[in-house]
Amino acid sequence: MKILYFAWLRQKIGIGEEQIDVPGDVTTPQALVEYLRNRGENYALAFTDVSAIKVAVNQEFADYETLLKPGDEVAFFPPVTGG
Amino acid sequence: MKILYFAWLRQKIGIGEEQIDVPGDVTTPQALVEYLRNRGENYALAFTDVSAIKVAVNQEFADYETLLKPGDEVAFFPPVTGG
Amino acid sequence: MAVRVQQEDFDIGLELAQLTKGNPSVGGLCSFVGLVRDLNDGNSVATLTLEHYPGMTEKQLERIEAEAHDRWPLEASLIIHRFGTMHPEENIVLVATASAHRGAAFDACHFIMDYLKTEAPFWKVEATDAGERWVSERDSDGEARDRWKD
Amino acid sequence: MAVRVQQEDFDIGLELAQLTKGNPSVGGLCSFVGLVRDLNDGNSVATLTLEHYPGMTEKQLERIEAEAHDRWPLEASLIIHRFGTMHPEENIVLVATASAHRGAAFDACHFIMDYLKTEAPFWKVEATDAGERWVSERDSDGEARDRWKD
């Protein structure tokens, strides 16, 4: 699974993109966040409050209950501030 | 009194601007129109329907009951269509 | 704040650049350009000629611009309106408004155009395939202006 | 219809001229430019850096532009959004919409900006006199977008 982080989430985690083979029970972004939180202090800190973090699956806005498939691209980021 | 005509009103009357010494009882644009209608067929035709004609006094939108003073600049024109 | 009524064309890029240059408080710049169309009310248009009331035109445009500044926090604004004879694709009018935030810039620019359409003494006559024709006012223009009244 | 996401600046006059050139059906051209301000939330801003999500950004902008064409009769439209590091007074974004009449051009341009602000994956970080700071979303941006929902 390809996972991307943007803005302050990228800074807190320390990388912008990674490829992870997640366990079979990681079937939603919510489960993915739980899994990532256990990968290290940086992840746990970055994902302290997911209410402030948006998720996109395959470059489309999604919610934390969206079903994930192997090979999906999942991105986490703060609310957008372009324009 | 300086009187100006614009757009199709100017075309129908045949001039864009004239200086007229109006009689003392011409104290409003309404009275001025009555007076002008008697100056010739071209005026009568141009002022057939004043509901389609706007009036400005001293370069400000006015109505047909506005009191006129000697030396005022009175303009008649169709609804504006700029922009 | 600036109003210009002129026969010659204007350079949109240059005008917009000059409007915001040296003012780092501007976060949003909205502009509108009105252009001559080659078709109006079903007839093809060869040329469009704009006549205006010198003196009253400038007064009315300055009043509309000042009213926009009263209503919204603008950093800068510009109204340029041409007169004379023009061909399809030529610029007729440019309105530009600059503000810290986009909402004010959009609303002020739209407001100025809606008022200009109904309160600035310009008249259009078209040379069409059906002959010369004075352009009529549109009810929709009055309605667009009345939106801004409380 | 065109969307460009790029690091380099753009020439507003040139872009607007190209958008309407050769199309005499255009009667109104509305544009909006977003610029870097030197002050934000009380702090002076030295530079603004925009990060985005390549791929998703273009998809989202194209979707917003297509939605604007569904809602209004547009002759042409353009969205250019920059990324990278910029200084006050620099251009960030250009949105332009052209239509036969001004109402559609204004509304479509405003609509695109309001949606872009809330749905295009860009993030701003400022270098301020109080240090580096990620820009927060504004509630007013969500409200501006929700205006367009029925």
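Labels A, B, C and D are assigned to the chains in the order they are written; within every chain, residues are numbered from 1.
Heads up, the rule we're going with is that a contact is a pair of C-beta atoms (placed from the backbone, for glycine too) under 8 Å apart; a residue touches a chain by one contact, two chains touch by 3 or more.
Bear in mind the structure is a predicted one, so any value in this text is a computation, not a measurement.
Q: Quick one: how many steps at least from chain A to chain C, stepping chain to touching chain?
A: The fewest steps needed to get from chain A to chain C is 2.
Q: Farthest chain from chain D, going by mean C-alpha coordinates, please.
A: B
Q: Let me have the rounded angstrom distance from the C-alpha centre of chain B over to the C-alpha centre of chain D, please.
A: One centre to the other, that is 49 Å.
Q: Roughly how far is chain B from chain C, centre to centre by C-alpha average, rounded to an integer in Å?
A: Distance between chain centres, rounded to whole Å: 27 Å.
Q: When the C-alpha atoms of chain C and chain D are each averaged to a single point, how far apart are the two points in Å?
A: The separation of the two C-alpha centroids amounts to 22 Å.
Q: At what distance in angstrom does the C-alpha mean of chain B lie from that of chain A?
A: Between these chains, centre-to-centre, one finds 73 Å.
Q: So which bits of chain B are touching at least two other chains?
A: 83
Q: Give the residues of chain C that touch two or more other chains, as numbers and ranges in rising order.
A: 34, 102, 113
Q: Quick one: which chain pairs are touching?
A: A-D, B-C, C-D
Q: For chain C, which residues are in contact with chain B within the complex?
A: 34, 50-53, 55-56, 59, 81, 92-93, 113, 116-125, 134-137
Q: What residues of chain B sit close enough to touch chain C in their complex?
A: 4, 6-8, 10, 56, 59-61, 75, 77-83
Q: Once bound in the complex, which stretches of chain D touch chain C?
A: Against chain C, chain D makes touches at 11-14, 16-17, 20-39, 88-89, 100, 102-103, 105-106, 109-110, 113, 140, 144.
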